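The letters A, B, C and D name the chains in turn, as written, and every chain counts its residues from 1.
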Amino acid sequence: MNNQEPLIPKVGTITDVRIDTPDVKTFRVLTPDGKKAFDHKPGQCAMLSIPGVGEAMFSITSSPTNTEYMEFSIKKCGCVTEWLHQAEVGQQITIRGPYGKPFPVDTVFKGQDMLFIAGGIGLAPLRSVINYCRHYRDQYGKIDIVYGSRSKDDLVDYKEIIDEWCNDDGINVHLTIDNPQEGWDGHVGFVPNYVKELGFSTDKTAILCGPPIMIKFTLQGLQDLGFEKTQIYTTMELKMKCGVGKCGRCNIGAKYVCKDGPVFRCDEIDELPDEY
Amino acid sequence: MRKISLDSLAAFFEAVSANMPLYLPVDGKEGASYKKWEPGATYSKALNTNKSAKDFFFPQVENMMAFKTEGKNIEVLDIREDVGPFAIFGVRACDAKSFSILDRVFLSDPVDSFYKNRRDNAVIITVACSRPLETCFCKAFGIDAAAPGGDVECVMAEGNVYLEAKTEKGEAFLKQVEAATEAADAKAAEAEQAKIRERIEKLPLASLSTDRFGGGKTKEYFDSPLWEELSANCLGCGTCTFVCPTCQCYDIKDYNTGKGVQRFRCWDSCMYSDFTKMAHGNIRNSQKERFRQRFMHKLVYFPENNDEIFGCVGCGRCLAKCPISMNIVKVMKTLGGAERE
Amino acid sequence: MQRVTRDALVKKATELLSAGTVDRVLGWRAGEFSYDVTPYVFSNAEALEKDFVFDDFCGANFSKYLIKECGKSEGKVLVFLKPCDTYSFNQLQTEHRFDREKVYAVGIPCEGMVDITKIREKAEGISSVEVEDSGYVVKTLYDGDVKLTAEEALAERCLSCKSKKHVAYDELLGEEGEVLDSNRFSEVEKLEAMTPDERFAFWKGELSRCIRCNACRDVCPACSCEKCVFDNPKSGVENKAIADSFEEKMFHIIRAFHVAGRCTDCGECSRVCPQNIPLHLLNRKFIKDINGFYGEYQAGEEVGSRAPLVNYTTEDLEPSEAVGKGDGENA
Amino acid sequence: MSMNEFKPKIVAFCCNWCSYAGADLAGNNRLNYPADVKIIRVPCSCRVNPMFILRAFQKGADGVIICGCHPGDCHYTSGNYYTRRRMALLFSMLDYLGIERERTRLEWVSAAEGAKFSQTMNEFVEAVTALGENKRLEDLRCKE
C-alpha cells in the first residue's frame, strides 16, 4: 500500500497563543516532539484542523527563516477559527501542507525595492514575506510597508511592527487607521488614499493583501501612480477542502487557488473570469 | 485473441472469481449496476449501468482516517484498508476513458493514495457497444465504442465473446483464465467492430462537435448571456454530477461517532449551494454560477489544464437522468450556436 | 380521450401575452429527442411559436417554479397546470409561498404522462415516441417499432391518478374532470400486509440505492424551506453523503415526515429519482395513515385548510393504537 | 454478548412539567427503574422532533420513550396533543419500514405518578431487552 497520503495530516501542538487584536490571535504550532511541522516558502498556506470541527486553510505568517516554529495569525470568523480562539496552550490540532505557490522571493523580487500594502488581517500572509526580506536584507532594496486597520487595537502584530520593523534600517513603516482615536498620533485614513498620498515611485514591486474592497481601490491607486499590473502581487483566498487541486471548489476559471495560487500577479488575475 | 461462447459466460466468470473478486453489471430495480459476481448472477443486457463505474476507484463515501482525542491530545489513525486485486467486467468505452480522466486528477502530484491503491489493483475488462443508444455521444470526444480499451477488450459477435489483452496486466489476467477460453482469430470481432462504427455514425448525436470548446475559451463563454437561460430552471440537485463518470469533486467531513472522530470523504456537487460557501461568504451565489462552473469545467477548464482532453466522455447518463432534461449536449449546442436556429 | 394540443396552448398563451394579462409563459421547450422536454420561460409570441412544445412527456409539476418566478417581475406569469399540479398550487398558496396575484393559472386536462424509464425497460435505443390510438408507438434504433399500451408507458402516478379535477385556476381549457376513486394505496397495503422482516428487507433494498443527489427534495413542491435541515451545518445532520445505511433512512424518513400532511401526492419525487426508488410509497403511507387516523384529508384541495399535523382533537388515537392500524378505515 | 447479559440503552425524553417531576418523585420514593434509562429533559413533549428520536437510535440507543403530561394537562395547553399526532404517524412509519414497534413508545406521566414512571420504565426496558440490540436503525460507525 502506498503510504504517502497528502490528505492525512500530522499532529501539531499549540505552544503559544498571542492576543493581537480583539478578534485576531496568533498561534505558534510545533510538532509534539518540538520541531517545525514542515518547511515552507513565503506566501504558502497550511491546512489546520480540529477533528470534529473542521479543516481550514491559513497562510503561514511566520517566515521560513524561522527554523524553530510556525505561526498563524487567525481572525475569528467561522467555526474552525472560533474553536481555535478558545484553545489553550498545549492543545493539539492537526496540520498538513505546505500548499500553494509562494511569492517569487528568490527570483523576481531579488534586488527589488519592495512595497508592502496590507489592510487588517491581510498583514498575516505578508508578514512571512516581510520577515523573509528582513532576514536576507542585503538581497532586497528599500522596503516600504503601508499597513492600515479599523483602529489602533485592530493592528495585527503591532508590537513587532513598532519594536522591530520600525527600527530596521531601510524600512519605512507607514501605519494608518480608519478613524481618529485617542492616543493615536499617526495617520488617519483609508489605506488606498494613504498610498496615493505617500506617492511611491514606480520602480518598486508591490504586494497587496486585505479585504477585497481595499485591494480594488489600492490597485486603482497604484495604477494611478503609474504602477503596471505586472509589478503588483496579491494573494487570494477561496473555499478549499483538499489543498491539493483535486476537490474541485477553489478554482477561478481554470486556475486552482490552492495549487496555482494563492499568490497571483495582478495581470494574471485579469486573465481570470470575474468569479472571486 | 481468445474467445468464449456467450452460453458459457458463467463458467468464465466463475474461473475469474476463483482468482479475484469479479464485478459486473447486473439488472436491478434501478436498471443495471455493478455487483460482485456470485453463482447465478447474470450479466446485464443493458448498454450501460445506471451509475458510472467511477465508484470502484472513487467511492461515494470512504473513511480516510480516524482521530482519537484525549484531553488536549490528538492521535491520527490511518485506517486505510489493504486492497487486493479485483476485476471489473463489462466496462464500456466511455467509462474506460473516464478512468484516464480521473487519473489526471487523482494520480497527478500529489498522488491520492486511496484512489491509486484501488486503481493499481483493478483489471478492467471492457466490452464494445454493439448497440449504442440514442443518448450516446462518445464519438464527439474521440472515443471509439468499438474498441473500448482497458486491460482486456471484449467484442461480442456471433454468439461469442472475443477477448483481447491490451496491457500486460490484461495478458496476465487472460493467462490465468486460459482454461475457460479458447483460441480464436480476429475476423468475427473485427467485422462486428466495423458494424459498430457504422451504427455510431447513424446515432442522432453523431454530429455533435467539440470544435468550439477547449482550453483558452474562458473569456469567450464565461460571460455569455445564454447561461442565464440554460440554468434558469435547474433544480440544483446533484443527479448529473453523481451519475457522471468524470465528476470528481469531493467534500471532506468529520463525523463524531461518540467514540472518536472519523474523517471521511464523500462526493460533492458543484451544483449544491454550499459547495463554495466559506466563513466569509460564497463566491457562487446563484444557480447560474454553479451551473456554469460545471459545464465550463468540463468543456474549457479541464482541457486547458489537461492537454485539451475534455472532462466529458459522452456516456449519456445525464441526458437520461436530469429531472428537467437539461444536459451537456443542450449546453454545447446552445453555446456553440449550432442547430437550435 | 380528452387531450389538449400544443397549438391550443400556444394560442392561449399568445392571446394572454398580447392582451398584456401576462408578461411571460412558463412552458416546455423541445430537446434533442422526442422525450427530453425542458421547462422554459417564454416571453414573446415568436419564441412560443418556434420552441413551445406540449406532449405526454410534459409531466413536471410547475407549481414550485412559481416561488422563484413570482419574484422575477412585476407582471404576471402564465402557468399551465394539470389537475394534480393544482393541488400543489393550492398547498403552496396555503403556505404563503408565492403571490397569487402574480400568476395566471390555466388548467389543462390530462390523460396521464409518460414515464420514459418504463419505456426504456421495454424499448432500447429510442428514436421517437408517438401517440397512437390509446397507446404509444416507440420507434427504436435496432428493433423497429415497439407498441406499448397506455398502461405500459404511463407513469405509476398517472395510473393511480387521484383526481382529474382542477382545484384552482383562472381559466380552464377543455372540460373539467372529477375526483377519481383511485387505487393509489394498494402498494402501501401490500407492504402493510408483509411481516416486519419483509418490510425491512424491502426498504433496505430500496433505500440503500439512494445516492443522496437530493433531486427528490429539490423538485418537491412541499420541500420549499429556504434552508433545508439537511443543508444546515448547525443541524448536526448536514450530510451530503450516505455515510452509512442509517443516513439514507434518516433522510427519507425525515423528509417524508416534514412533508406529511402537506404532500399532495404529486409523485414528482419518484419521477426524478435517478435510482428508481419508489419514494411516493413513504408519502402515501403518511397520507393513508392521516386519512385513517384523523379523517379524510387531501392536501391542497382547498386554500387555507389546516394541515393534520398542525391540528388535533382531544379524542385522537394514541400512538400505541396507531401502529399496525395502518390499514385505517379508508372511506 | 449473550442475550441474558444484554442491557438495552434507553433514551427517555421527559417533559419538564410532568414526567420529569414524575421521575423525581420516583427517585424520592425509592422506586426502582434501570439505570440504563437516560433521561433528557425537554420543555414539552412536543419539543421532541422526530429527528431527535432517529438520532438517539443512530448514536446507539436501543429504545426511545417520550413522556409527557396527560392529554388536557399540558403546561402549554395543547403541546402534547400535537405530540400525540406526530408520534402516531412517526411510529406507524417506523413500523412500516420494518423497525420493531416496541422500540418506540409515548406515555403520559404526571408529576404525581412516580410509581407509574418507574413501572413504565421497567416495562419498556423489559420489552426492549426482549427485542435485543437495535440493528435496524443503527449507524455502524457508532458501534464498537
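Just so it is clear, contacts are C-beta pairs under 8 Å (C-beta built on N, C-alpha and C of every residue); 3 or more make two chains touch, one makes a residue touch a chain.
As the structure is a computational prediction, the values presented were derived from the model and not from experiment.
Participant: Stepping chain to touching chain, what's the minimum from chain A to chain D?
Facilitator: Shortest path length, in steps: 2.
Participant: Hey, which pair has more contacts between C-betas, A-B or B-D?
Facilitator: A-B
Participant: Can you tell me which chain lies farthest from chain D, using the average of the Cα atoms as each chain's centre?
Facilitator: With centres defined by C-alpha atoms, farthest from chain D sits A.
Participant: Work out per-chain C-alpha centres and flag the one nearest the whole-protein C-alpha centre.
Facilitator: Central chain: B.
Participant: Using CA atom averages as chain centres, what separation in Å is found between chain A and chain B?
Facilitator: The computed centroid separation for chain A versus chain B comes out at 40 Å.
Participant: For chain B and chain D, what's the span in angstrom between their mean Cα positions?
Facilitator: Here the centre of chain D sits 46 Å away from the centre of chain B.
Participant: What is the distance in Å between the mean C-alpha positions of chain C and chain D?
Facilitator: Going by mean C-alpha positions, chain C sits 36 Å from chain D.
Participant: Could you put a whole-Å number on the gap between the CA centroids of chain A and chain C?
Facilitator: The separation of the two C-alpha centroids amounts to 52 Å.
Participant: Going by the touch rule set out above, which residues of chain D reach two or more other chains?
Facilitator: 139, 141
Participant: Quick one: which residues in chain A touch 2 or more of the other chains?
Facilitator: 79
Participant: Please list all residues of chain B that touch 2 or more other chains.
Facilitator: Residues 251, 255, 268 of chain B touch two or more partner chains.
Participant: Mind giving me all the chain pairs that touch?
Facilitator: A-B, B-C, B-D, C-D
Participant: Give every residue of chain D touching chain B within the complex, in rising order.
Facilitator: 59-60, 139, 141-142, 144
Participant: Show me the residue ranges of chain D that touch chain C in the complex, using the header's touch definition.
Facilitator: Going by the criterion above, the answer is residues 50-51, 54-55, 57-58, 71-72, 78, 81-82, 84-101, 104-106, 136-141.
Participant: Could you pull out which chain C residues touch chain B in their complex?
Facilitator: 31-33, 35-41, 60, 65, 116, 120, 124-127, 141-142, 205-206, 209, 211-215, 217-219, 231, 233, 239-243, 271-272, 274-277
Participant: Inside the complex, what are the residues of chain B that reach chain A?
Facilitator: 64-65, 67, 69, 72-76, 78, 80, 82-83, 105-106, 108, 110-114, 116-117, 215, 218-219, 222-223, 248-252, 254, 256, 261, 263, 265, 268, 270, 275-280, 282-284, 289, 293, 296-297, 300-302, 304-305
Participant: Applying the document's contact rule, which stretches of chain B touch chain C when the two form their complex?
Facilitator: 28-31, 33, 47, 50-51, 60-61, 131-135, 199, 202-205, 229, 232-233, 235-239, 241-243, 251, 253, 255, 264, 266-269, 272-274, 319-321, 323-327, 329-330, 333
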